[in-house]
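Mind having a look at this structure? Questions to follow.
Chain lettering (A, B, C and D) follows the sequence in which the chains are written, and residue indices restart at 1 in each chain.
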Amino acid sequence: MKESAQLALPLRVDAEVRENRAEGGSNFRLRLAVAGWPGAEPGRFVMLSPGARGAALRFDPLLPRPMAVYRTLGVAAPPEIEVLYKVAGRGTRLLAETHAGDRVRVVGPLGVPFAMPVAGRRALLVGGGTGIASLYELAARAAQRGPVVVMLGARSEAELMGCDDFAALGVELRIATEDGSRGHRGRVTELLEAALDAGAGGEAIYACGPTPMMRRAAEIAALRGRSCQVSLENRMACGFGVCLGCAVPRADGSIALVCRDGPVFEAGQVAWAGLP
Amino acid sequence: MGGPAVSTVDTRVKLGGIALRNPVLTASGTFGYGAEFAPFFDLARIGGIVAKSITLEPRQGNRPPRIAETPAGMLNAIGLENVGVDAFITEKLPALAAGVVVVASVFETEIDRYAEVCKRLSGVPRVAGLEINASCPHVKSGGIEFGQRAEVLAQLVRATRRATSAPLLVKLSPNVTDIREMARVCEGEGADGLSLVNTLQALDIDIETRRPVLSNVLGGLSGPAIRPVALRMVWQASQAVRIPICGIGGIMNAEDAIKFLICGATAVQVGTANYLNPLAALEVAEGIEAHARRHGVARVADLVGTIEVPAR
Amino acid sequence: MGGPAVSTVDTRVKLGGIALRNPVLTASGTFGYGAEFAPFFDLARIGGIVAKSITLEPRQGNRPPRIAETPAGMLNAIGLENVGVDAFITEKLPALAAGVVVVASVFETEIDRYAEVCKRLSGVPRVAGLEINASCPHVKSGGIEFGQRAEVLAQLVRATRRATSAPLLVKLSPNVTDIREMARVCEGEGADGLSLVNTLQALDIDIETRRPVLSNVLGGLSGPAIRPVALRMVWQASQAVRIPICGIGGIMNAEDAIKFLICGATAVQVGTANYLNPLAALEVAEGIEAHARRHGVARVADLVGTIEVPAR
Amino acid sequence: MKESAQLALPLRVDAEVRENRAEGGSNFRLRLAVAGWPGAEPGRFVMLSPGARGAALRFDPLLPRPMAVYRTLGVAAPPEIEVLYKVAGRGTRLLAETHAGDRVRVVGPLGVPFAMPVAGRRALLVGGGTGIASLYELAARAAQRGPVVVMLGARSEAELMGCDDFAALGVELRIATEDGSRGHRGRVTELLEAALDAGAGGEAIYACGPTPMMRRAAEIAALRGRSCQVSLENRMACGFGVCLGCAVPRADGSIALVCRDGPVFEAGQVAWAGLP
């Protein structure tokens, strides 16, 4: 994904929590008022320091956590962004404990966004787990250029996130759950396979979710001679290319930084076997 | 402490021949090559930046995972990924605005290669000084030796000193029995200043996989967790040598930085804090000035070494 | 990792001749003489306790302030306040219930005094073993030397080994360039096991008064902040010697303790955690057992040294 | 103060926050439900780990903070205790950020209590700053044995704590503020001096507050040949005599532990010049 000169520059703001709501399963929705927020292209992310409250300085946990910008709420002043997240460990657990009025440090927007589909072409978006959060803005903008099919997967219905928001976009929504509690019983990549086999060809393919899921999506695309954009995850300390901590191997043997060269990559460029 | 508040504070300090507008630099490896921070603030407002350590050839570094979080700290084993000295000079330096003071950091696996990198950097107009990274704990080939053995360290400083007439700082490893001995060695061989400390050698484990959290097994511990150890070493070294010291280790805010100044550091470097707060170095610089103003300290340099050790 | 869950786990380990019902002891200086914890839990449910280090005569220790908090850690310079070996034997040991395994910790300023304390403790029925504290970083007279110089350490271990036939553990200082060297010295002189680590030498400053936060200036850093450094040293030492190692440093919960076992420690000691949670040692012991059960590890001893180092 | 065999043994409980209320100035009132709480004799304290919430483990700040047991609310089940505290640094700031439902680790009751006044004798209680919190239970129980005068001091009215509670005990309440915003303008020890000079003699004297205040109270008592009980403060790591961190020098040159040998001491036993 080439970096475009027009990408919004990152800022560091102590944002104010407007709302932090449990949404079933381990899902939460965080709404932050971010003064000066420049907007974020689809697929870009922020670094959040969870639990930063008032002046009570604590350095454990030390590092911020990367989170996709689910969407920017254009109407609010100061601008507001939403983050959809799952409680995975102590960083996200602390985030879950913030209350309206608390402050959270935001650095962003960061990273290289998805390349938009060619106008008129059908876009297939495949999301699993927390990866769903990276796809909303893409779906919203792609829907203005052509037909969009969004395929979302999770272990069970409760673990799905954002379904209603996607549905409200008017895109075609297909669901897969491993336990069959909603939609197709099985993996979301099976939906992708079916869509491609039934499709007319030429679709732009996007995948974001757990590594095995993205790897499978990439395989499915590659088997059909098709390219696929994926959004990788990795541990990050900075998010803007200076700690060199988020390195992953490229297929050509070189090293890429997920935060600076990604998180969006062409699936064929990724050395899948070398991911952490 | 100090007198009544003063209205203006002279923040300038001199670090081994490098003139700094204030005593706050950024630590090598935590600030990229500088340009990455340009969106966040004007880099000319801090004392200077120490660039990522560079080698003769570009290096690719370790496989992932390269970083992990620990209580009030982080582990890293980047493996000294860098663009190499030539690209540093031709690509990275020109990307920085004119007013930015740049210290180049040098690392290599053999002494003559260290000297060669220093030679290439000598006379480059944008390079205000060199910092010899004698202390990287996580590269297999030699990293441990340079800063941990007095004889080897002496050879390294001697060779790099010969290779350049630029201001020469030596960055020491904290993984030693006696930091004073290492400090004296550097002073004896003509170093213009010392930077301390680098990361503490450390290890963490994922108990589910029973594997080290880093691909390299060992890594370097940085962040607030190590600050009290770094402070101790700076104080000890400052009593052992007369050359100026740049204090490093877990500095998160102005208060932390002032502790280093009080313990005898002429300047400080902000490291890990840059990751969590890209404005950290600027905030530290501003906070030191405000502290000096509040406490009636007319020159920040007057804070250096003001530790009050109680009589026994 | 491991097989399917098992219903019973054998938690017993042997530490240099000391039989422990589980691998969790409490660290010297963090558990008093044991009786202070009796209101909180039955001390016979943990592997054992290492008592506060004792000297030949009672000692009064340093003036206040003696402790301070640091990021994810604490500093202390208690100055080895203790009741002396005789009161330890006549007053402190009898206060403990019969089932409690007690390791006595010995500190002194001269080698023959160390040996004398060991002699007096030898044959005392309640003493299951001795731990030689070779590592206290904050007592002016000699503390630094014993654990930091190989020759001095060798003399110390030799003399104390001669003075007693009780199981002899040597507690090492982390403030050294190469922990493996020190570990080998102890093994060579006949130590039955190693305890590591003691506190990291450190310093903190109050920027308002410009004074060190401790009256002693220097103190020892303990707590989660040092855990990755301690883990590294335990792993290094376990590769250098065959005698068992007791891992210490920042253990707050079972997960932390299991990391030490995986890195090669046969047992662990819980230190600073006892202050914030008087039930910490018991919870660690129970948590290790639960982990083993969950992972199908029939004997906790089978966890020891199971670190999986990736092929390079 | 001799330890009596009947002192309640300490326990460690993860208590639940029932209420945490700002009370003006930097004062807060924390009410905790402490299962198994055995009650606490006047002057005893607990160690609190502020901000311990759910399972999000954080080790910064690491150490618990000592707080007097302001009072035990006997009626509740599980028993509840109240703590009155001032925000002094980050530990207490974090405590101030806890919400009802959060958990706080409690270790206690700890320390040696005040010796009760001889029945029928007048008791003079002098409290300043956070020291006021140590005196409520003493006032309550002493009031059942004889007349009690409680003298409370602070910089300003807003910084006073607990006045209404003391007043409700029916004891005689005298107030001093440095800025004169309530009661006597000046130091609370001036009230003590006046009370002693106006009194009949034989009063039991108690002081708890900042060190200079207690020292002055001790002097005032000593000048009149009277003893005085003081409750010292010091940094603490454990609170029950095992870290040896809270040592203070005694007048006889020996060392006392504030947590185990105190916090209550006979003023004459304290080497005031050697306090940290």
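To be clear about the criterion, a residue touches a chain if its C-beta (ideal position, glycine included) is under 8 Å from a C-beta of that chain, and two chains touch if they have at least 3 such contacts.
This structure is a prediction, so every number in the text was calculated from the model and none was measured.
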Common touching chains of chain D and chain B: A, C
Averaged-CA centre spacing for the pair chain D and chain C, given as whole angstrom: 35
Centroid spacing, where centroids are CA-atom means, of chain A and chain C in whole angstrom: 46
Between chain B and chain C, centroid-to-centroid distance (C-alpha), Å: 33
Residue list for chain A, restricted to those that touch at least two other chains: 57, 59-61
Touching two or more other chains - residues of chain B: 70-73, 215, 223-225
Chain contact topology (line, ring, star, complete or other): complete
Contact footprint of chain B on chain D as seen in their complex: 59-60
List of chain D residues in touch with chain C within their complex: 9-12, 47, 49, 57, 59-64, 105, 107, 234-249, 254-255, 274-276
Interfacial residue positions of chain B with respect to chain C in the complex: 1, 70-73, 75, 148, 175-178, 200-205, 207-212, 215, 217-219, 221, 223-229, 231-232, 235, 250, 255, 258-259, 262-263, 291, 306-310
Of all residues in chain C, those that touch chain A in their complex: 71-72, 224
Chain D-touching residues of chain C, taken from the complex the two chains share: 29-32, 36-37, 39-40, 52, 60-69, 71-74, 76, 78, 81, 215, 223-225, 252-253, 272, 274-279
